[in-house]
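Read through the structures below before going on.
In the two complexes below, subunit A is the common chain; its partner is subunit B in one and subunit C in the other.
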Partner chain A sequence: MKRLIDFLETLGALGAFAWQVFWSTLTSPRYFKETLRMMDVLVRRCIIPVGLAVAPVGAVISLQGIDVFKLFGAERMLSSFLGTAIVREYSPALASVMVAAQAGSSIAARIGTMKVRGQIDALAVMGVDPVRYVVVPGVIACLVVTPLLSVITNFLGIASGWFFAVPIGGVDHGAFMEHLTAQITAADLWVGLGKCALFGLGVGVIAGFLGLRVKHGAASVGKAANDTVVNTIILILLTDYVVSMMLLGMGL
Partner chain B sequence: MSKLAATIDAYWNKGLAFLRFAAHALRTQLTTLPPRDAFVSQFVDAGWGSLGLLTMLTIFAGLNLSVQSYGSFERFGGQDLIGMFAGIGGVRELFPVMAAVVCGARIGANLAASLANMRISEQIDAFEVMAVDPMRFLVAPRLWAATLALPLLCGYADFIGLGASYLGAVYQLDLDPGSFLTQVQDQVRMVDVFAGMFKGLLMGWMVAIIACFHGYTVKASDGAEGVGISTNLAIVHGAVLCIVVNLLLSWVMYG
Partner chain C sequence: MAKTEIQTHGLGSGPGAGTAGDAAPAVVLENVSKSFGDHHVLRGVSLTIRRGSITVMLGPSGTGKSVLLRCLVGLLKPDTGRVLVFGEDVAALDETKAKDREKLFAIRRRFGMLFQDGALFDDMTVYDNVAFPMRLHTDLSEAEIRERVIDKLHRVGLKGGEQKFPAELSGGMRKRVAFARAIALEPDIVLCDEPSSGLDPVMSATLDELIMEMHRSLGITFIIISHDTAEAKMVADTIGMLANGHLVAFGPKEEVFREDHPAIHQFFARETQGPIKVV
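Here is the complex of A and B:
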């Protein structure tokens, strides 16, 4: 019972925090330079892990899919399935999970370290709102960077899928390219990017929330980084499911 | 140019240090018995501690697998093949990999944070001063715990995930339960589950050794920041490694 109350209390605090972040974004003062710097840092840090994580997924889909599609003599259709699966589902979900692992945990660890060292309190003493200066740039950066990374991983995933389908699997190159674009619609691309923005927002808010909740000591910094990753992955899968059900209901 | 050379040099040295660390840890792990109590507590923490998280995540991943593939397959008119898709894609790939990535992130982050914390509070140095081998008493139990816990978690994820896919397909998408089960029985062998568990075994050891390396080699002077950085590195390197190693293993097993 006490755990349930604690959980609800944390959830309420998270809601209040999210509202505070939202309100701080709408009103000045804003720190554009800090936001740009965060985006720059996130792109540099995330691009390699995100690429390395999503590229093998396309390869695995081709590797496992080719036998199944051959069963029906439809290996030319493999690329249609690969294209929609990567663009719509796997690239957004995995890119966001890796952004949570890389950017989310490092943002939480950074804010937690600042808290332990008393730098957050120092900011507040100087009249700078820590949420505006430290959290909001991170949230905006995650929101913008995740879809950008997902565009790159779309290409990487399809390229690695091509590699395992055409040279290794023996599918005809022309047929692969022709069926690749046949099934992807503009709606699929927007659904993928929209999901990424949603997940990125979640990563930024949860990382800031857990980072600021660090009390004292080095161990709690590690715990904040860890909790951020675990909680955002849960959130990503949950949201993904709800969004998929809604889209299926709308017939998109 | 010299900056690039310096970066490459730094990575090279770090790689060499990692290989030396891994070789030392493996030798210790295989030649000496880890202390029992430490192993048991680490094993319970890694296995039992991940169970709730893993159950929740695999249920959603299984439901997602059905719902999302329905959208893709509907375009070919192949929505009745979801059982086969969930069987092959889920049991062979998605569920074990997701168990390895998510539990690996959780376990690895815990290992790295605990070792880094011991390092900056100079407990590891204290072990050495007392002539107690920290490799044997701190690293080896953690390695054994992760290596043995992750395959079990992968096998568990297969069953929970497939069950969730079934529920999603039958109760949400109104597909025929009999045809779903027949397709799963046709496509999935017990060997596939064991293959997933074998992947888990390898990934568990790798995730643990990377996490231990990042935690163990933190400098005591880095303080709280060092703990945060090593935790972050452990999570990211572990997750990327799991996905890449999974591709290589699948290529060898099914390619």
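Here is the complex of A and C:
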């Protein structure tokens, strides 16, 4: 019972925090330089892990799929399956999960460390709202960088799928390309990007929230980073499932 | 402990007391109390700090001197009482309301604060730390900022090493950089939480001279927390003494020293027996 109340309290605080972040984004002062710096940091941190995570997925889909499709004599159709799977599901989910793991944890740890060392207080006394200066830039950076990364993972995932389907699997290149572009609609792309933006937003807000909640000690900084990763990944996968079901239901 | 409070609310006329007679005082505390759980740290503290004064707050460790400073800038909210900064009640501002939040941050911009442990940004160089408030709150060009940063660093006795990171400095150096950052914008009120602890006597005296110089030339109001009675004698025009949550003395330096309150006597005579209990 006590845990339930604690949980609801935390949820309420998170809601209020999210509102404060939203409000701070709409009003000045804004710190553009810090936002750009955060984006730069996030791209550098995430691009290689994200690439490493998605490339094997494209390869596996091709390797596994090609045998199944061959049973029906439909290996020319492989690319349409590969394309939708990567663009709609794997690429957004993997990009978001990697952003949660890399960016979310480092943002939470950075803010938590600043809190423990009194730097958040120092900012506040300098008349700088810590939410505006350290949280909002991180949230915006996650919101922008996650979709950007998913564009890259789209290409990488499909390229690695192509590699295992065409030169290795013997599928005709022309057929591969034809079915690939025929099946992926603009809606697919937008859905993917939209999900990434949503997940990125969630990662940024939760990382900021847990980072600022750190009270004392290095251990609680580690815990904030850890909690950020676990909570956001669970949230991403659950939301992803719900959103996919809803969109399929709507015929998108 | 003795519950008597000798509150000598004297408006002494120390150096630099000439500013704005009718305007609100820099800081007024009215019956400020603060507890953490059942640990009563401040038990009804009232005092007035004139504009352009240098107040040194003395007191044993753990009596709530830092807590008092944090209440002044709204980092802590007192349980009771008012905290008036230039007439505005900081304690009444509700940080969860956007309007109050803006007000609080506007008031804070009139402060510079040297935290007890410096609180430098450790992902920034010394230079960037001192430049930080100028970059955020002024329209100065990078060249003008550079000139001021170098000047401030020179004043605190740091030449070279602007490109070092806080982790590469000694504790005393960090403190001096933090002081340079606190005075970077030449604010109305500068709060210093134990500026001299961790500094060698020569450096400590240099910092005291700098405080007096900033006070003379810019009329900055200083509120300084210290353990160091020599420092108090040198820089203060007003002296306060916190013990066991009470302000046991507050007033012009000469009066407070004359009064020979048991707690003050004990503190200055460095005696283990007296009203100040070591818990």
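Odds and ends about this structure:
Just so we're on the same page, the second predicted complex is superposed on the first by the 252 of 252 C-alpha atoms of A that agree within 3 Å, B and C clash if a C-alpha of one lies under 4 Å from a C-alpha of the other, contacts with A are read in each partner's own complex, and residues count from 1 in each chain.
As a working rule, contacts are C-beta pairs under 8 Å (C-beta built on N, C-alpha and C of every residue); 3 or more make two chains touch, one makes a residue touch a chain.
Just so you know, these numbers come straight off a predicted model, no measurement behind them.
Partners subunit B and subunit C, once the complexes are superposed on subunit A, both fit on it without clashing.
In the superposition on chain A, A:Gly12 makes contact with neither subunit B nor subunit C.
With both structures placed on the common chain, the touch criterion links A:Trp23 to subunit C but leaves subunit B unconnected. In the superposition on chain A, A:Glu89 makes contact with subunit B only, while subunit C stays out of contact range. By the document's definition of touching, of the two partners only subunit C reaches A:Met126; subunit B does not. When both complexes are overlaid on chain A, the residue A:Phe81 reaches subunit B alone and has no touch with subunit C.
Using CA centres, the angle subtended at subunit A by subunit B and subunit C is 100 degrees, rounded to a multiple of 10.
When the two complexes are overlaid on their common chain A, residue A:Val57 makes contact with subunit B while staying clear of subunit C. Of the two partner chains, both subunit B and subunit C are touched by A:Arg117. The larger set of touched subunit A residues comes from B, when the choice is between subunit B and subunit C. With chain A used as the common frame, subunit B approaches subunit C to a shortest CA-CA distance of 9 Å.
Residue overlap on subunit A between the subunit B contacts of one complex and the subunit C contacts of the other covers 110, 117. Chain contact summary for the complex, subunit A toward subunit B: residues 49, 52-53, 56-57, 59-61, 63-64, 67-68, 74, 77, 80-81, 84-85, 88-89, 97-98, 101-102, 105-106, 108-110, 112-113, 116-117, 168, 183, 217-219, 221-226, 229-230, 233-234, 237-238, 240-241, 244-245, 247-248. Contact residues of subunit B toward subunit A in the complex are 53, 56-57, 60-61, 63-64, 67-73, 75-76, 84-85, 88-89, 92-93, 101-102, 105-106, 109-110, 112-114, 116-117, 120-121, 172, 223-232, 235-236, 239-240, 243-244, 246-247, 250-251, 254-255.
Of all residues in subunit C, only 70, 73-75, 96, 98, 101, 105-106, 108-109, 111, 113, 115, 117, 119-123, 132-133, 136-137 touch subunit A in the complex they form. Of all residues in subunit A, only 16, 20, 23, 27, 110, 114, 117-119, 121-122, 124-129 touch subunit C in the complex they form.
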